[in-house]
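Quick one: the structure is below, and I'll ask about it shortly.
As written, the chain order gives the labels A, B, C and D, with residue 1 at the start of each chain.
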Amino acid sequence: MKKITKKDLAALLRFIGENEALYIPGRVSGQTNYVRYNENTDVDLDTLKTVKSAKEVFFPQSETLYTVKTEDGKYRISQEELQNEEFVLFGVKACDMKGIEVLDKVFLSEPVDTFYKARREKGTIVTMACGEPEESCFCKVFGIDCAEPQGDVTLWNFGNEYFWKANTEKGEALTEKCSSFLKDGDEATVDAIKNAIRTVVEKLPYMNLSLEGWDGTKTEEKFNSPVWEELYKPCLACGTCTFVCPTCQCYDIKDYNTGKGVQRYRCWDSCMYSDFTMMAHGNNRTSQLQRYRQRFMHKLVYFPANNDGMYSCVGCGRCVDKCPASTNIVKVIKAFQKEGK
Amino acid sequence: MSMNTEFKPKIVAFCCNWCSYAGADLAGSSRLAYPADVKIIRVPCSCRVNPMFILRAFEKGADGVIICGCHPGDCHYSTGNYYARRRMTLLFSMLDYMGIERGRTRVEWVSAAEGVKFSNTMNEFVDAVRTLGPNKRLGDLRCKD
Amino acid sequence: MHGIGVFVCHCGSNIAATVDVKKVVEMARLEPGVVHAEEYQYMCSEAGQERIATAIREKNLKGIVVCSCSPRMHEATFRKCAEKAGLNPYMVEIANLREQCSWIHKDIEEGTEKAVILARAAIAKVSLNTSLLPGESRVTKRALVIGGGIAGIQTALDIADAGYEVDIVEKTPSIGGKMAQLDKTFPTLDCSACILTPKMVDAAAHERINLYTYSEIEKVSGFVGDFTVDIRKKARYVNMDKCTGCGVCMEKCPSKKALSEFNSGLNNRPAIYTPFAQAIPNVPVIDPTQCTKLKTGKCGICERFCQAGAIDYTQKDEIVTRKYGAIVVATGFEIIKLDNLEEYAYSQSKDVITSLELERIMNAAGPTKGHLERLSDGKAPKNIVFVQCVGSRCDESKGKPYCSKICCMYTAKHAMLIRDKYPDVNVTVFYIDVRTPGKNFDEFYRRAVEEYGVNYVKGQVGKVAPQPDGSLLVHGVDLLDGKQLKISADMVVLAAAVEPSPSVRKIATMLTASIDTNNFLTEAHPKLRPVESPTAGVFLSGICQGPKDIPETVSQAGAAAVKVVGLLAKDKLLTNPCTAKPDELMCNGCGSCANVCPYGAISYEVKEINDHGIRENRRVAVVNSALCQGCGACTVTCPSGTMDLQGFSNRQILAEVDAICR
Amino acid sequence: MKELLQDGTVNRVLGWKKGDLPYNPEPAFFKSAEELDEFIYDGFCGANLSKYMIAASALEGKTLVLLKPCDSYSFVQLMKEHRVDREKAYIIGVGCKGKLDIERIKAEGVKGIESISGAEIDGDCSTLKIGTIYGEKEVAYKDAMLERCHVCKGKEHRIYDELMLESADTLDSGRFEAVEAIENMTPEQKFAFFKNELSKCIRCNACRNVCPACSCRKCVFDSTKFDSAQKANVDEFEEKMFHIIRAFHVAGRCTDCGECSRVCPQGIPLHLFNRKFIKDINEYYGEYQAGNNVEDETPLTDFTFDDLEPGERR
C-alpha cells in the first residue's frame, strides 16, 4: 500500500504524461470526460461520473480501420496501425472498470478485435474508489463493489491523500516508475475508507433493486411482455443512453470519401436509431418498441445468457442521469418487478 | 506576400443557369480573365443552392464559396433569388457567429449581360480569399492530407 | 456508373491553345467509370458527332461527358447526338472548357489543370445521372401581344394572317404607339400617319385580332404553350358597343385642362378624349383624374349630349382571364426625363424642346397646326440649334450609356424638313458622331448637309443659356476647328435618348423574362436568337429589346411573329424533365415546398404509403411536372431532403463539389 | 382530467408520470383513471409534450395533452406544418412557475438526492429543500431553473381548450444577451468558444430527437441523399455541420422552447444556435415568433423585394 499527497498529484500526472500517453477525467466547458492529458488539462477527479465512460479510451467513438487511395488509376490499401504506444488510463471508477470487463468479453473473444486488443495490452488502468456515490448509482445490484475497484492500480481518496495499491504486474510496473512520488500507506486506513463507502452505498435509493427473474431464462416471456408497450413510449430514439453507457459495444462501419481516397472507419452505433440493423431489404426492427426492448433485453437477458450470467449493465446510472425522457434501465427492471414477472 | 502568391485557393462558384452562368460565358467570350482557382457549378437557380452544398465544399477543402444569381427582380423563376438571399444571409451570419471568416462566403448578383462584373467579382473574391489564407476553421481534417 | 465516355473538343485552337487536350483525355481515363476518352478538332461538327455516336454504340456507353464550349451553346446538340445513338439525352454532361477556362486563362499549365478538374466534376456528375423522359404539354393556339405600337401591330397582323388568334393589349386608349405621333419618317419623308393608320385599321378589322385597349397585364402564370394571363380592362366610362365615335362629348366637355399625351403635353385635351383623331378604337375614355362628374358627382354634360347613351359613369375596371400559347412583348419606348441634364435648360425655357415635341409642332394635327413657331411667344424662329446625343452615350449618372440609334437620322430629317419649308431659317446641328448605317441613310444625311445647307458642327453643347430677350445662347465647341462657339438661337431641339417603357419592368417580372441593366429585355442569344426571350414562349418585338428605327422594328416584328407561328403550329410541346421529385416515404407533408413554389406546381394529397411494410395514410407532396419549371426552391426549403431536382440532384451537385475540392 | 377520460371525451391523457427519483418524471400516456394516480406535475416536468402529439394524432380518438405556455407555441407550429391534428387534441394549458434543471442543482454540489420539496406547482416555488444521504441542502428555486425559464416567452398559452393552474413570472434576463456576447467576440474568440463547446458533442441526437421542429420522418442526417449520414464525431467538422444544418433547418420554425439545451448530455448551450437565427430574423425581417399562430408566413419561405443582402449588416 502506497500513498501520495494531493498536492503532489499534479507533479505525478505531469511525470506520467511526459513519458507516455495519459487519459484522465478533465473538464472542458463545464463537462468532465476522459481527455488526453497535457499541461493545460483541467484535471477533475472529484466529479463522480464522467459523461462518457472510460470505454472510449479502448473503444473510441470513431476510429479508422483502413484507407484506400487511388494512384495512377490503381487502388492502394493501407491498414490503420494498431496502438503501439503505452498509456495510462487514470481515475476509472468500479463501474467503468467492470464495463471494460464486459467489453473484453465481446472484443477479446474470437474473432478478436485487434484494435481493441492492442489498446488493452498497451494500457495500464488506474482505478479509483468512489468517495461519494450518488442516488443514480446501483452498481452493487450487479455485484460491483465501488469501494474496491479492480484494475492495475487502485486509488482511494482520503483527506489530503490518495492511497495507492498495485493489483497487477502492470500496476507494479507503474508503481515502480512513479515510486519517487509515493510514500508508504497503511492498509487499516484504507479498510476504514472502504467501510465508510460501503455504508453510504447501503443508503442509496436503488440498492433494493432486484434482478430476480433476469437470469438469462424466460427469454420469450420477457420478450412478449405487454410491459414494453407502455415503457417505450417516452423514448425519443436518441442515442444518449447508448453513448454514455460503459458497456454498449455496437458499432457501424462506414466509408468516408476524403477526395483523395476512402477511409473506412467504425463508429459507435445505437440500437435506438432507426437505421440500426438497416439492411438492403429494410430493417428487421421497424418500431421504437422493438428497438427499446432490444436494448434492455440485450443487457439483461441475451448477454447474461451468452456470458455465464454476466450482465451487460454495470449500474453506473449514467442513463438514469442523462435520458432526456427520464426512462432508463432501472425503470424497466422496476416495471417488470411490479408486474411480478 | 510570398505566401499569398503561392497559395492557390480552391473556390467553388455556384452560378444560376440563366443569368450568372451566362454572365460567366460572356466574361469568357469577352476574354475577361479571372483566376483559374474559380470552378463553376451550374445550378438552375440560386435558390437551388442548399447550405449543405456550401458546407460540403468547405468540408472537402474549399477556401471560399461564392453564389451568383440573377439580380433581385430578374430571377428566371421570378422569386428564387429572393429565397436564396434570405437563406444565405442567415447562413453567412451564422458562419460569422461561429468565427468563420466572413470573406470566405459571398453572394453576388450577376446578369447575363454582366461579363465584366462577373470577372471583376471573381478577381475580387479570389483576392479576398487569398488574403485570408487557407481555410482552417471549416474543413474536415481527413480531407487535408 | 460504369461506361462513361469523355470527348474533349479542341474547338479549333479556341480550347487547344490554352488547354493541353491530350492531357485532359489522359487524366479523364483515370476517373472511375470512364471506359472511353478521346479528343477531336470540332466535336460539334458532323464528323465529331459521328465519333461520339460511334463510341456510344461500340462501347455501349451509359453516359457521356463532352468537354467543349458552354452547355448554353451545344448541350442541346450533344443531347440530340446521344439520342440518335440510342443513349438517353439526359445522360450527357458538358464540361465548359472554352468560356470558363481556355478563353480566360493564358497559362497552359494552369488552363489544363483547371480543365482536368472541370472534366472530373462533369464525370462525377454524369455518373449519377439518370435517364429522363420529357413530358408533354398542350399548346393554346392563341398569342398575346403586349403593346399596340407599330411593333405590336405588325406582329399581330403577321400571326393573324398565318391563321392564329391574337390579342393585343395596349395600355393607352388607342393603338398606334409612338409612330402615330411622328410627322414624317426617314429616309423617305413619307407621312407617318399615312403608312401607319391603314395598318391600325387592318389590325382592328382583322377577324383573328382582338384589341384590348386602355388595358394592362395584371398577372401571368403558366408556361410556354399554356400561359394564363389576367388583363385589366380599365374603366373607360364609355360603352364601347354603343359609342358611335361622333366626338360631341369631347367638344362639350367643360374640363379641358389636362395635357394632351399625344401632343407631348404641348396643348390640352378634354377629360373625355380620344388621344388623336384617327384613334382606334374611335371610342373616347374619361380620364377619372380630370372628370368633374367622377370627382365631384356634378356635371354629367357628356352623358346629356351623348345621343347613343354610351356614357356610363358606373363602369368599373374589369379583369379578363385568357389563355395563350405564346406572348410577344412589344412595349416600346419613352423619351428619357431630362432632369439630370439641366445644362440644356429644358425646364427653364419653353423654346428648348425635345425632338418628339418638334414632331408634334411640325404635324398639321399638332398644337401649332404644323406651323413652326416658338412655344413661348408664337414667333417664327430664325435660328434653330439641334443637339444630338442628349442623354445617349452618356455618363450613367446623367443619362444612358448606349446609343439611341434613331436620333442621327431623325435630326437630319427635322433639319431637312425645316430648311425645305423655311429656307431662311438657319439650322445648326451639334453632333458627336453621325451614325447612318442603314439603307439610303447616309445619302439622306448628305442631302441634308449638301442640298439643304444644314450646318453640322462636330462637338458637344456645354450649356444653353436663356437670355433676357427670350433668345437662347448656345455654348458649344467645334472640335474640328478647336473653337468655342456661342450661337444665339430662337429654338433648341434636343435629341433626347430613348429608354424602354417603364412598364416593361413589371411585365418582365411577371413573365420571368430577364432584363439588362438598361431595362431592355434580354434576348435568348444576341446573334442567333434575337427575337426570343430566354423564357420559353416569350418573344420580343421592337424597342423593348434595344433601340431601333421603324424598318428594323417592323422586320423584328415579323420575325417574332414567325417564331410565334412556329410555336403555335405545334399541337404538343415536350416539357423539361428536370423537375422536382419528392420521395413520398420521407415527406412530412409540412407544406414548406408549396410555399416557395412560384408556379403552384406542388399540392398535397393524403395517400396510403407503404413505409417498409408499415402502411399508413400520410399527407404527402405531389409535383405537377407540367407546371414545375425546375428552379429547385422547394428542394432547399424541404428540411428532410424529400424534394430533389432531377438533373440537378443533391447527390449530383455534391459529387461536383467533391470533384472540384478534391 | 379523470372526468374527461371517464366520460369518453378523450381516450387518453398525455402528461407526466412520477419518477423513481424526486426529479425524474417521464412523459406518459394514461389510459385510465387509476393510472392517473401516478400523474405528477411539478417543477421537474420540463419535457415539452407537443412532439408526442405527432404520434398521438395518428391514434384513435382524442388525446388530452397538458401544455405549458411555451409548449403551446410548439403545438401551434406543428399544426401549421400539418404534423398534429387539432381535432385529435384536447389541450389543457397548464400554468408554469419555471422548470427546474437537475444539472444546475447538482452543480451546486448536491449529491445523493433522496427527496426534494419546494418544486410543487401549487407551492410558492422560492426555495428547494433537498434531502440527501450526505445531509440537507437548500437551493433557491430561481438558481435551479432551466436557462429557458429565465427568458420566458410569457404566461399566455397560444392554444388551449381549458386552462389550469397559475403561472409565475420568471423572466429575468435578456433573451439575446448570450448571443450578443458572442457576436461581440473577435472571430478567434468565437471560433474557440464554439470549438470548445462542440468538441463535447457525442452525436447522440438527443437535441434533434427532442426538438418539436425536428420532426422529419427521415432526417437528412439519417438519409443517404446528402451522404451526410455520419453519426460519428470523427472530425470536428462533423459537429459543426450537424449543428449548423440542424439550426438552419429549424430557422423560422424554432419556437425557442429550449428542449435541445435541456437534454444535451454534455451541457452544450444549443439554444445559442437557434437563438442566433431568431435574432437575425427579428432584426432583418421583422419580429417573428414561430408558433404564435398558424397564419404567419415563415420567414424563410417569404421575402420582401428589399431584403438585406447576404453579408450586409443593418
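Convention: a contact is a pair of C-beta atoms (placed from the backbone, for glycine too) under 8 Å apart; a residue touches a chain by one contact, two chains touch by 3 or more.
Keep in mind it's a predicted model, so treat the numbers as computed, not measured.
When every chain is reduced to the mean of its C-alpha atoms, the one closest to the centre of the whole protein set is B. In terms of the distance between Cα centroids, chain C is separated most widely from A.
Annotation: 29 Å between the Cα-based centres of chain B and chain C.
Averaging C-alpha coordinates per chain places the centre of chain C 53 Å away from that of chain D.
Each chain gets one centre point, the mean of its Cα atoms, and the points for chain A and chain C are 71 Å apart.
For chain B, the set of residues that touch two or more other chains comprises 50-52, 56, 60-61, 73, 79, 83, 87, 140, 142-143. Shared interface positions of chain A, i.e. residues touching 2 or more other chains, are given as 256-257, 259-260. Among the residues of chain D, those in touch with two or more other chains are 220, 226-227, 234, 300-302.
Contacts between chains leave no pair untouched here, as each chain touches all the others. The part of chain C that touches chain D in the complex is made up of residues 583, 585-592, 595-596, 604, 611, 616, 619, 637, 639-642, 644, 650-651, 654. Contact residues on chain D toward chain C in their complex (touch as defined above): 58, 80-83, 214-220, 223, 225-227, 249-250, 297-298, 300-302. In the complex of the two chains, the chain B residues touching chain C come out as 10, 12, 17-19, 21-22, 24-25, 27-29, 31-34, 36, 39-45, 47-53, 56-57, 60-62, 70, 73-80, 83, 87, 111-114, 119, 143. Residues 60-61, 140, 142-143, 145 of chain B are the ones that touch chain A when the two sit in their complex.
Touching chain C in their complex are the following residues of chain A: 70, 72-73, 257, 259-260, 282-283, 286.
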